[in-house]
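Have a look at the structure that comes next, please.
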């Protein structure tokens, strides 16, 4: 029942992946997968926006941001409790305390929650507070973690490694699905190139290619894909026009004070403007997107 | 008078390029540049589509394709007469004979013509038949060619090198403008990455970044940027949504018989469908795009 | 007392890493680190060769290969028991059974053993059978694994992520050292580029850069860095000439029958020739390298 | 009669390039090509060092540098008269005046001269003063320039494009040879990657790969390949150990005052030390290299 998306992506000749995908392959479910998370359908006609801060920093921060993104139409709250950071001397997240704050924000707003799990030993803990387990870019080929979330019954958002080929990305998805967990969505979040004026290079080629190779919903993260808040609107609109099923957007009440990723976070007022722009683009490609809280 | 585009691209903090751009810098013309080519405005509210075959192959081919793209709303005809090819043993173009056929197609359809010039010694010849001189990706840092087209009075479409940084691209533009020719537009055409499932990786980050650094119109080429005709619609829609001022699209009557770039060429019927999709997206971002011949 | 290596790498101006390294930084131990593993000194005048199959496949295979590489002068046996593989449908290793075979080969030959640990929950098991814990390229930013091996007392060989910058590599080393484990060596194993004729691109720039930024020993893996056995000798010689403290080389009795990485594995006879070539190069740069079992 | 080099590069299975190379292919001259330039043999047992400043800046500068590199054993003087520079506002070279100074330095020292030609219209002028025409990295796919030097009778040094695949590099060589000029050598000079701590990434994989695909001599440029003078010795030694037939090294009397590429230029005293190191490495791989003027 994903005719909208299929219409958008014209199909070319068959593609071979070696060894073949058994579960993630488009042919395994040609009509496309629609996931249901707390009553939200991901992969259907509605483009789903997941928004929130890079990291949970405090109760006030996460509650106010959750309320703001909800008002603007976001359906799912994002926020990191366990943070994979390049240096061990930077903010590594509030950990279980952060999870509790996310759950609190969920209770107050009704938004579903997506948050990262970095270690197989934390899956049960994270699952207690979140609705979607995020596997981060640096763990896309952490195969034991993939196997463990494959045994879980929680929906999973798998981010593409920052230098992973599409084929490697799909094989990583296969690790999860082979374990029995088919509640999976894929997220393109920017790749590493020679360019230095942006943090990563958003790879929107990935949207039609993934749509063609697999039936799984495709999410795009224009915040990491660009690294600059002022670029996020252009790439978010582009992602919807390209056929993405959802977006992951960093929003912070005071980007200049954020403990991480401030330069790529939108302030709530700009996020609200963006949501209206996205609503128009979604309509132009035969889909819909909520632009305010109902 | 480019308020539409400027509205689309939120401005962030100032950026420094070293040595500074004198002519191409956004601050030199904050309102944006609108070029006029045979009565077509490039850089204004209308998104301009340039379409046609990779290479001019025969009179019948170029005339019928020109007619087809015109009917679908294209404003400018593309087609290569001098072809930069990786191997010297492949089709290198009809050269001046190709230029004559392009001029013939222009006379019959009223479309303007853009075609590549590979050598400073050919500029006068190409200028005799074409409306826009294209500098190809492989020549983006052919500095003596840049200096020579800088002395010409012809509009120039400068393609980004397939591994050029944005800053290098802008410095190449500066070479042209320093010579006195300010009739310049820039074209993102895909960059080289580690990915092997596509020919290049379309870099739509380039659209907002270029819009911020320079006042020159920005064109996007989704045919080279993907290498697969079935991906072109998704990326063409995305480019318009991101704020591109125009598109360069390869169209061939019989892609399977094309002497070059067949796999990335759209057949006319698919191109017509695409143009209607693009019209809707353009409308959604406050612009317009012709979807049929008036 | 690593004067040899320091002589090889001329020092340039100071370099800043942010946030600064506390333990891995060159200034923390300007004379360089020499690790002792079962009586073998790594980081001293002797260039240490670690060799063996990609994966442990059978008792006969690992014992005969161990004997062959020992005869040629190798000091440490490599072999994978837990294999990180792109697809879940390929050979994933003999796991604990493979570890037992490695320990058996160690008992018979006296070679030390290096093998990969993929999961924090396996550290104790792997430590029971191996002398050096290898962290693979795909886990270079598996931060919870880095933290756990940081708590171990086992020497660690940390491989660079295939698209990690040098700075990220050093920050990953810092994660291990911050935990208290300073028995660490770094391994360059090829990076991902646009090139398609080789599996990865060996980055020998990494050798002098690492030598300058950190005091840790630097190992080079020309097997993964090239992907072709016939290229391994040229790059192995180059690595020694560039100042590497050791090499990691894949050797298989019958490369054409290997369950993984056959195309990049040297047969024992070729490995023996290579060792003699390496001995000559080591001598030319003021170091030594064993070319046969004593 | 290039047995030395062939011994160094073990041959693997046949490789296919499409369309096939007619002239550059290894099979066209399995024994390897040895070029003679002013009595210097390039591609034979002697490793040839070409050294000098990035750009010719003044008579005093080029003459003193020529003398210094000659004393240290260099056989060929490098120096740019026409400089391809990213920005039009930087030093673009002394042009014909620079060529005259190079010829003067040749007369005084007896060194042969290699210098870049950027434009087909300058070939005759450059040929009047130089012994080897260099085609720079940015012009590797300037096909009309390749065709023109292909018609010349001058030896050509073709630099690899900074993001060119090996196959594209070989096809570019084929353009030159197809024109009738077989006096060609290839130069690896570093490729563009995601790494930011170095200017480019030296690709020494290119040495054995080129040796296998083609019979042409292979030169390596560690100055551009690293961008830092303190890295040049390590990579120069590595290049010789990998089987390079020659090196291109930037040397400047006062690197801190150089008009271009100062940070990657060696001062003469350091160059002299390097030459002795290279002599030892060349000997270790069965070749020789002059370490002082005879």
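Here the chain labels run A, B, C and D in written order, and each chain numbers its own residues starting at 1.
Quick note on the criterion: contacts are C-beta pairs under 8 Å (C-beta built on N, C-alpha and C of every residue); 3 or more make two chains touch, one makes a residue touch a chain.
All of these numbers come straight from a predicted model, not from anything done at the bench.
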Shortest chain-hopping distance from chain B out to chain C
1
If every chain is reduced to the average of its C-alpha atoms, which one ends up farthest from chain B?
C
Quick check: how many Å separate the C-alpha centres of chain B and chain D?
35
Measuring centre to centre with CA averages, how many angstrom lie between chain A and chain B?
33
Residue ranges of chain B touching at least 2 other chains are 163, 167, 192-194, 196
Along chain A, where are the residues that touch chain D in the complex?
163, 192-194, 196
In the complex formed with chain C, which residues of chain D make contact?
8-12, 15, 163, 165-167, 191, 193-198, 201-205, 207-209, 211-212, 225-226, 228-231, 233-235, 237-243, 270, 277, 280-281, 283-285
Touch list for chain B against partner chain D, complex
19, 22, 84-90, 118-121, 138-139, 141-144, 162-163, 167-168, 171, 174-175, 178, 192
